[in-house]
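In order of appearance the chains are A, B and C, and numbering begins at 1 in each one.
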Amino acid sequence: MTRAQRLFWNAAGIVLFLLAWEIVGRWLGSRIIAPPSGVAKEYLELLRAGTMLSELASSLRQMLVGFGFACAIGMPLGILMGRVKWIERIMTPWIGMMVVTSVAAMVPLFLLILGTGFAFRATIVFVASVWYIVITSYNGARGVDPGLVSVAKSFGATPLQTMVKVVLPAVYPYLIAGARIGLVHAIRAMVMAEMFVILGYGGLIHQTGMMADTEPLIGLLVTLMAVSVAATWLLRTVGNKVAPSYEQRVAGA
Amino acid sequence: MKTTRRQALGMVSATVGMGMGLGFGRIGFAQDKSKRVLTGHILGNSLAIHIPAIAALNEGLPALGYAPPKLTRIDSMQVMTQSIIGKSADLGEADISSTLQASLAGADLKVIGLVYANSSLVFVANSDKVKDFADLKKEGVIVAVNSKGDWMHAMLTGPLVKRGVDPEKVTIVEIGGSASRVQALLANRVQAVPVHIDQTPDILAKGNYKILLKPWEEYKLFIAECWLVSGTWLQNPENRRLAVDIQKATLTSFRKTNKDLGYFGNCYRKYSTIKGAAQMTDEQLKPVWELLSKTARAWPDDGNFKREQFKDLLPAYKSVGAFPKEPDLDRLIDTSITEQALKELG
Amino acid sequence: MSTFPSRLVTPERLTQAASILGGLVIWELIASQYSAFILPPPSAVLKRLFDPAYDVKLVVALYGALQHMLVGFGLAVAVAVPLGIAMGRMPRLNAMLDPIVNALYAIPAVAFVPFLIIWFGLFFESRVALVFIMAFPDMLVVIVAGARDIKRNLFAVGRSFGASPLQVAWKIVLPAMLPFLMTAFRVGIARAINGMITAELFLAAVNLGAMMKTSARTFDSTSLLAIVVVVCLLGLAAQSLIAALEGRFLHWHHRR
């Protein structure tokens, strides 16, 4: 399939989806599911009122701190696990456990320990995203071509030099991928924690969900979707821009 | 490769910076009163009954020389209590019921005064489905409260038992603040909710709804919301001074409200979260003001903050909370702050 | 998954066990500095988990919770497998549905809770629906990728040997798909368990969710942590079960 053909079918799918939604929406009424035409009108209202965007901005700020910590700790930890045998062995069982544990189940506990403020929301986001970042970085570091490492060693490179010159470039795409996966989980966790304590953007979703008409609720979800899509896109683009040579080298290897 | 190293360094330093911001953000108190910013968590909605206390924080404290407080709205009462335990704020507008439970479980909490005495909450039901109390246990009838085990849940349980309805058979869900509860009732997601008296005209005008329960017809006095702080916080002399001043501001605001409908009207227009509050006239507010000030005595001039009153209500609180042992009111309730404030006010 | 006794105790497993034990000891030491209310020690959690009275409640709650989890997961499998294979094998269908799936996937599932309440109420149906929308997209993504990767010539080879379409599906396509399907199930069951507890906390509180809310109300962090541990163990058990099934099935399939 050529690019043009794919775009055509993409567009066809979206148009059909919106059309079906519009028909269903008009048929069932806005109390059950508002049609896209109604949502579009309401969306302008939401943008004008400003609450949606201001809540979103403050929620995202808190999320980014948790996510930043998750990257700062998860990436080095993942790389170390991939390169150092005993760290790998020590960490593996813990990560296996943490990944299957539902973050939602931890929310009531963290709420008791940390209250509702910044620390609470940042911690939930951290816990929800860090393990995915660790696992992806770990997989990347483990897969580094042993040939390259031994070449570096035979040229007298110190372990630190090997890390910076050989391992990091090879792991880089994995770090970006890990950050992308982690970000998806971070956004999920942010909304979940906020819905639970009825604060911030998630709290707004909860409160709006109690209204009779569904237009504003769908509007909030559309914004969330846009943020999520834009954030992953941004991470991918910036990641590729910052170190295109890494990407090529791995692709060529 | 240089880019990455620099980038990595930047990331680390940014993270450390953020971490330090997190850590040091709390040590913000100054010796100077005018620089002291009270962080308060108040409930999601402010209705008539809350107005004097909310006005006291916003205007009374600055009048005593403090900086304007930083107030955050927390919708769920359960979360409110937990946020004070987690030290997310200095002061919380908390629910007595969950506060008692927390204190019993070992949380270091002190109740320093009332946000208001008595209650303006009434239960409104969808009359198509609910004709009387017995209908509440019918299939498909859902009652929404703020949080399970909170005081409004307790307030409903007593009258249910009195009328021979098993509270266990009533489906109760928790959906947070009164604005959400009104929406949920109007959208027919739930069939009975507690709302504040000044929210009822709007609901009754929108369809077939009726007031099922008025607490002042059931209870002599129902104490609902209190000012909550943590015990260690109160031990600091500066904080203690602030606590006394909060009580002074609250009592002053109570007294002004009882004397002057104009003051109440002004504050209501400024601080009420109800839709269209800013356009309400004193004349429109008069019935609510009279009911709360005169009939319900919700804003007592002397604070009416006594341990015995809590004792009378213990059975009600116990009916919804799994209390592991007898609540220790002496440990939780600190009347010395209000007494000090009364002495200073004269 | 044919584990022999000799392989039961490997140096790797020993270090892992030591790691868990060490972690618990450190945690116990740190927890002893705080009140159980702020940070419950593992010993208290273990004691709670071995308290028979508590276990009765726990088993009843778990039984209730597993019902909507399994129904939701089953529905997600029933929809994701055929749809995923179809999308993987039909590029046009994939091009049409892919943007929509991606867009909906970008919205956190829990944000749909208000809608689920409108459509399905607050109880069982709604819980099943939340489990479904949490497990379904994650599985779909894996299955689409898996189905797309099956080499076209596999089908041709089968047919040239005179196999019927059914035989091709059974003998060639299924074994080729199996690793991906199993990965999808593993991902899906983890999400389904996540959805199970999320639903009980965010819709009308029942089962484990109700236990957690009661514990939170009485500030019993030990019980809260005990339930987190149970959910974690449930997740691990489900993962091993699927891994065991995968081994058994592959083994059996090859022997035929």
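Rule of thumb we're sticking to: contacts are C-beta pairs under 8 Å (C-beta built on N, C-alpha and C of every residue); 3 or more make two chains touch, one makes a residue touch a chain.
Here the structure is a predicted model, which means the values were calculated and not measured.
Drawing the touching chains as a network, do you get a line, a ring, a star, a complete graph or other?
Graph shape here is complete: every pair of chains touches.
Out of B-C and A-B, which chain pair has the most contact pairs?
Counting C-beta pairs in contact, A-B comes out ahead.
Name the chain whose C-alpha centroid is farthest from the C-alpha centroid of subunit B.
C
Closest chain to the protein CA centroid?
A
Rounded to the nearest whole Å, what is the centre-to-centre distance of subunit A and subunit C, using the mean of the C-alpha atoms as each centre?
Each chain's C-alpha centroid was found; their separation is 19 Å.
Provide the C-alpha centroid distance between subunit B and subunit C, rounded to the nearest whole angstrom.
Measuring from centre to centre gives 40 Å for this pair.
Could you work out how far the Cα centre of subunit A sits from that of subunit B, in whole Å?
36
What are the residue numbers in subunit B that touch two or more other chains?
Touching at least two other chains: 82, 85, 189.
Give the residues of subunit A touching no fewer than two other chains, as numbers and ranges.
Counting only residues that touch two or more other chains, subunit A contributes 31, 111-113, 206, 210.
Indicate the residues of subunit C shared as contacts by at least two other chains.
In subunit C, the residues touching two or more other chains are 37, 117-118, 213, 216, 219.
Going by the contact rule at the top, pick out the subunit A residues touching subunit C in the complex.
Listed in rising order, the residues are 1, 5-6, 9-10, 12-14, 16-17, 31-33, 86, 89-94, 96-97, 99-109, 111-113, 184, 187-188, 191-192, 195-196, 202, 205-206, 208-210, 214, 217, 220-221, 224-225, 228-229, 232.
So in the complex, the part of subunit B that touches subunit A is made up of which residues?
1, 3-5, 7, 11-12, 14-15, 18-19, 22, 25, 41, 44, 74-76, 79, 82-89, 175-177, 179-181, 183-184, 186-187, 189
Okay, in this complex, where on subunit C does subunit A touch?
Touching subunit A from subunit C are residues 12, 15-17, 19-20, 23, 37-39, 91-92, 95-100, 102-104, 106-115, 117-119, 190, 193-194, 196-198, 201-202, 208, 212-213, 215-216, 219, 221, 224-225, 227-228, 231-232, 235-236, 238-239.
Under the stated contact criterion, what part of subunit C meets subunit B in this complex?
Touching subunit B: residues 35-37, 117-118, 122, 204-205, 213-214, 216-220 of subunit C.
Which bits of subunit A are touching subunit B when the two form their complex?
Going by the criterion above, the answer is residues 31, 65, 68-69, 71-72, 111-120, 122, 164-165, 168-169, 172, 197-199, 203, 206-207, 210-212, 242-243, 246.
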